[in-house]
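By letter and in written order, the chains are A, B, C and D; residue numbering begins at 1 in each of them.
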Amino acid sequence: MSPHVTDHGAVASATAPPLAMGLVGAGRMGAFHARTLAQRLPGVRLAAVADPAPGAARALADELGCPTALTDIDRLFSDPGIDAVVIATPARTHADLVVAAARAGKAVYCEKPMAVSLADADRAIDAAREAGVQLQVGFNRRYDAGFRAARARIDAGAVGTPQLLRSLTRDPNLADPARIPQWTIFLETLIHDFDTLRFLNPGAEPVEVCAMADALVRPDFRDRGLLDTAVVTIRFDNGALATAEASFQAVYGYDVRGEVFGSGGMLTMGDARRTHLTSYGPDGISADCVTYDQDLFHDAYVAELADFTDSVRSGRATAVTGEDARAALAIALASVHSVTTGGPVRLDALKDA
Amino acid sequence: MSPHVTDHGAVASATAPPLAMGLVGAGRMGAFHARTLAQRLPGVRLAAVADPAPGAARALADELGCPTALTDIDRLFSDPGIDAVVIATPARTHADLVVAAARAGKAVYCEKPMAVSLADADRAIDAAREAGVQLQVGFNRRYDAGFRAARARIDAGAVGTPQLLRSLTRDPNLADPARIPQWTIFLETLIHDFDTLRFLNPGAEPVEVCAMADALVRPDFRDRGLLDTAVVTIRFDNGALATAEASFQAVYGYDVRGEVFGSGGMLTMGDARRTHLTSYGPDGISADCVTYDQDLFHDAYVAELADFTDSVRSGRATAVTGEDARAALAIALASVHSVTTGGPVRLDALKDA
Amino acid sequence: MSPHVTDHGAVASATAPPLAMGLVGAGRMGAFHARTLAQRLPGVRLAAVADPAPGAARALADELGCPTALTDIDRLFSDPGIDAVVIATPARTHADLVVAAARAGKAVYCEKPMAVSLADADRAIDAAREAGVQLQVGFNRRYDAGFRAARARIDAGAVGTPQLLRSLTRDPNLADPARIPQWTIFLETLIHDFDTLRFLNPGAEPVEVCAMADALVRPDFRDRGLLDTAVVTIRFDNGALATAEASFQAVYGYDVRGEVFGSGGMLTMGDARRTHLTSYGPDGISADCVTYDQDLFHDAYVAELADFTDSVRSGRATAVTGEDARAALAIALASVHSVTTGGPVRLDALKDA
Amino acid sequence: MSPHVTDHGAVASATAPPLAMGLVGAGRMGAFHARTLAQRLPGVRLAAVADPAPGAARALADELGCPTALTDIDRLFSDPGIDAVVIATPARTHADLVVAAARAGKAVYCEKPMAVSLADADRAIDAAREAGVQLQVGFNRRYDAGFRAARARIDAGAVGTPQLLRSLTRDPNLADPARIPQWTIFLETLIHDFDTLRFLNPGAEPVEVCAMADALVRPDFRDRGLLDTAVVTIRFDNGALATAEASFQAVYGYDVRGEVFGSGGMLTMGDARRTHLTSYGPDGISADCVTYDQDLFHDAYVAELADFTDSVRSGRATAVTGEDARAALAIALASVHSVTTGGPVRLDALKDA
């Protein structure tokens, strides 16, 4: 797939009625997805926005010329004119919303994490399966041009059998730490890296996890249980050893990288450079960094919704599934358990958490 | 400006009626612009496509759900429902079409080159001025994120006074040489580089040109006057010495680069890498190249139409003008003259060509 | 220090008698050091080579015009004309040879690892201290220009407090696995990375280690206990979390990299490129890899002996000490223990091993 | 050849008597070469230093333990104990010294430019031929690892037929402009680039030159004829078009790059980075620049003397010849002529200058 997904597949959509999409959650990520649905995808229209916060849905809907703004999410789900929904609410509400949307017969795109317990993940998966609706989860690296090209090369055998992997996420700055739930670094940040490691080690599954974490950005929040820096080592069932690493604050920008080393070679992904401009001056060589996820993953964010809406229209299976979300969540929960117990945790010992 | 121009300015457009755009020329570049007008720009709609080739406008219009397809370009110009036009026909037709569109009261975006003689360039500029319509020319580097960032740094004084500049364009492969007009490498390819050098040396104007060119890709076409490889040296009135370089065939891909060196430092622009993926294998380190202008300049192509349509809506001056097109053309014509005479050519000695 | 250490300090040496050096161990690394002593260091001469293997010392001495070749190492140590020795024998012989050399009054440069048990490390350190001779250990990264520059920037505060570190070593190919002792990946390969992590996190010491390792290059040697792939996570007493990673076989070349991320920024070190040549062809962009440690660390290998011999001449303390060697060894032994027990190991729980 | 030439060929030299070298000119470059001869090359010794400046030869000889220091260069040439000489005096003295040394039967290594007129170049070439001594000229790029690897790939056919070439030299800062002879930028700086372009376009010779130059760094010296910024376009007899570019002052450091583009691909050479360290901070990504030719070309400077002395010992032809020096000089003189006349100059029209 090209990085410019929106350019393709437009032929069919021009004659079919546009897909009517509902957006749930009008926050920062929701607003991006709303703009994508309203403006960037041919054959798709933003039919409704819902957000319980007073005025939030209305403001976004007005901006985008969307006809319907709701504070009651259930009314969006029960609207028969809506074909599919995008859920971009806080993480802990995802699973219930997936279940409700699926039961209402809507195809569901849910931001990561789909759930924060395995029981909830199973409920969401079951609900979609029982309703016969498509379910896709927002693992954006899978739609980034570099990571996608890496996977294509892995599938073509370029690295042989993966032996050592690495994925890292460093956010550019720490928002108000008082508002961040306790295990967020595993459940919401590293969940990307856990999925990336599975994506870059296709067919293999994790068997054991060892995690270390600490409050290094804001040590004053350590006592409240907020961890902002973490390293997780994962052993996969094909022998590969992987490291996932995250920090809530990189002063230089937004840093997402991946690496796969195997019997046949190595692939590296990720580049914090903002543009191809390089400057040379009395202080040396310099370049600007990306500081914003919606810059680094702009095209990936569009591509994942393009792929989801295309799946809905064509009836095919989604490329990122509820099962993928559950598998990444299991690594996150094992990491939490490893931090709590101070030792390695086997994935098969994980109870429903 | 962000590389993702389409994300901005959408607030106003949601309430205003969309800008009705006409596309003239349904070829490769025209089709890209048509998709941009139809799908990528909020507040803009593609109202008509015109192309004299039988079926060409119709196929593109159908693909994009555009209501009107014409083989008669004048009918598009005379349609009172059209606010502005994009001209993407063969180079030698541009000036006449700009004049006709302007006289019909349409704002005009014209692909480069706007004209192939100074007299035609003047006619086009005059027509737009007399009609009071906006005129913008398709110098895409000016909308590329890296080149824009370079200009911003130049304006901020980062390179001091420019002393040495370079701009190059190498196309990935040579189309049918029999169909390429004689001086195309100067008038259609290097025209980009001439504009880029002016863009990177703001306020300065060229005074002297020395060009060398040859038929190295297809020496069998040398006798017919087709030059496929060229180097042009330009002296500017601020003393800066610049080199523009082009080839019709780079086997590795599409290569566009710029460099400004001055009293305060150097900036380099351009990167032929396709993604941030790097591969390491028994044969060393490798990465993929961009091979297609619509990949390398995808965002720039969208950004220039976004900026043009925004200019039309807001009534402000366009950022790239007919005068810019004329100034780049003058360098191209001086280069032709230099090749013909085998010596340097002063810009002020150029007669209307 | 410049990368070209041998250019400096030559003024004094021209008038003083040259430092007489003895080389113990005429293998691959010993031969490199012998050439450095004989040819690359002003004010230094190679006075004797000793190696128990018949003919090995003789061949090397003859090549380099060295007057004395011995199979009896003790005779080299007891030669009063030798000022200092370089020990480049197999790892398990190092500690005893350091002790013997020190007791003979020779300043000692010993290849890593200085010892494979803490008791041996302590014996070596004690022997040097009691004899009042200098002792330096061969951690070459500390003399590589990029790693040195990184440390200088860390000391200048450029990364603030280190929070996340990484060091990796991947050897280009696996020699005869039957000849590799069981824990070599920790004791001889990762020992470099353990030292590097201490070097890049100055003043901090490790408190806890969690290691995972496997036989992925040669799974057929897993039963004999040979581990060829390993990841070690280390918690330091300043909170920093570090990862050390090694493989015995990277098909693309010799790969050594480092990374320090902290409250103030990030530094990355290491580049597998062989030269600054980049090639562009129909298959994309490519460059050659370094495949040989004596290419990648050529200048560092010379610089460490230059610094050692300068220490000996000037009487100052060595820059890399026996205590540094012991500290890195402790991490290696903790890693072995972690692999054996399948859980994290605290450094303070390590008994003399 | 490896970048570390001194590691090779040492076997033979250990038994042969060392080659006795004389160094003429104890300035900055002479001092570097003296250290190479005294300390970096096995089988070579620095037997004498000569410099007419009082005390200069003595200070350098003392530093390096060289037995003989002279102010009379002829006495060095007439010393029968000297096998070969290195000439590192001011450019305008080179040709006469080559002639004198050759007539004295010494093999000669001469810094670039070997001569500043074609007649002088011919005299030097003739003198060496008549004396049957070897003559090598100091074009250091030919011994740089990246440029050498480029040439190897060109010889292997990787770029097909060269079509567009570029070579540039930018010095880090302008020394006292009052002491720089008028045409230095062509005769002493760009002479490197002219040779590099011939090196990268093997077998081809220049046919036509068009030069532009100006005093942009120090416009106050324009009236005295000092040009500090220049661009030269060269047409070769295989059709290739080349650009050579120089500036006397790059505030960011020492910048030397090359590029060859041909029918089969492109090679780029040159990297102003000092080490492989990259820094990331609140101001973006940064790296240090090389600011000193003796850092950038340290290994090349050693390699060229290693190759020369090896040529002398083995009796083989030198790899860089007097004819190479003459050919580069011809381009320089044609450039001077082009600047003077304001037009293109054909090489075959060049009279002895």
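Convention: a residue touches a chain if its C-beta (ideal position, glycine included) is under 8 Å from a C-beta of that chain, and two chains touch if they have at least 3 such contacts.
For each chain, UniProt lists the protein as follows: A, B, C, D = Gfo/Idh/MocA family oxidoreductase.
No experiment lies behind these values; they were computed from the predicted model shown.
> Please work out which of A-D and C-D is bridged by more C-beta pairs in contact, and write that pair.
Spelling it out, more C-beta pairs touch across C-D than across the other pair.
> Suppose chain centres are the mean of their C-alpha atoms. Which chain sits farthest from subunit C?
Farthest chain from subunit C, going by C-alpha centroids: B.
> Can you check how far apart subunit B and subunit D are, centre to centre, with Cα atoms defining each centre and the answer in Å?
42
> Report the inter-chain centroid distance for subunit A and subunit D in whole angstrom, where each centroid is the mean of the CA atoms.
56
> So how far apart, in whole Å, are subunit C and subunit D when each is placed at the average of its C-alpha atoms?
37
> For subunit D, what residues touch not just one other chain but two or more?
Only 250-252, 255, 264-266, 280-282, 288 qualify.
> Once bound in the complex, which stretches of subunit B touch subunit C?
The contact residues of subunit B facing subunit C are 250-253, 255, 272-274, 280-289.
> Within their complex, state which residues of subunit C touch subunit A.
My answer: residues 161, 163-164, 170, 208, 210, 212-214, 216-217, 219, 229-231, 233, 235, 239-241, 243, 245, 247, 249-252, 255, 261, 263-266, 342-344.
> Which of the residues in subunit C come into contact with subunit D in the complex?
Spelled out, the residues of subunit C in touch with subunit D are 2-4, 6-7, 10-11, 14-15, 35, 38-40, 42, 62-65, 145-147, 149-150, 153, 158, 264-271, 274-282, 288, 295, 298.
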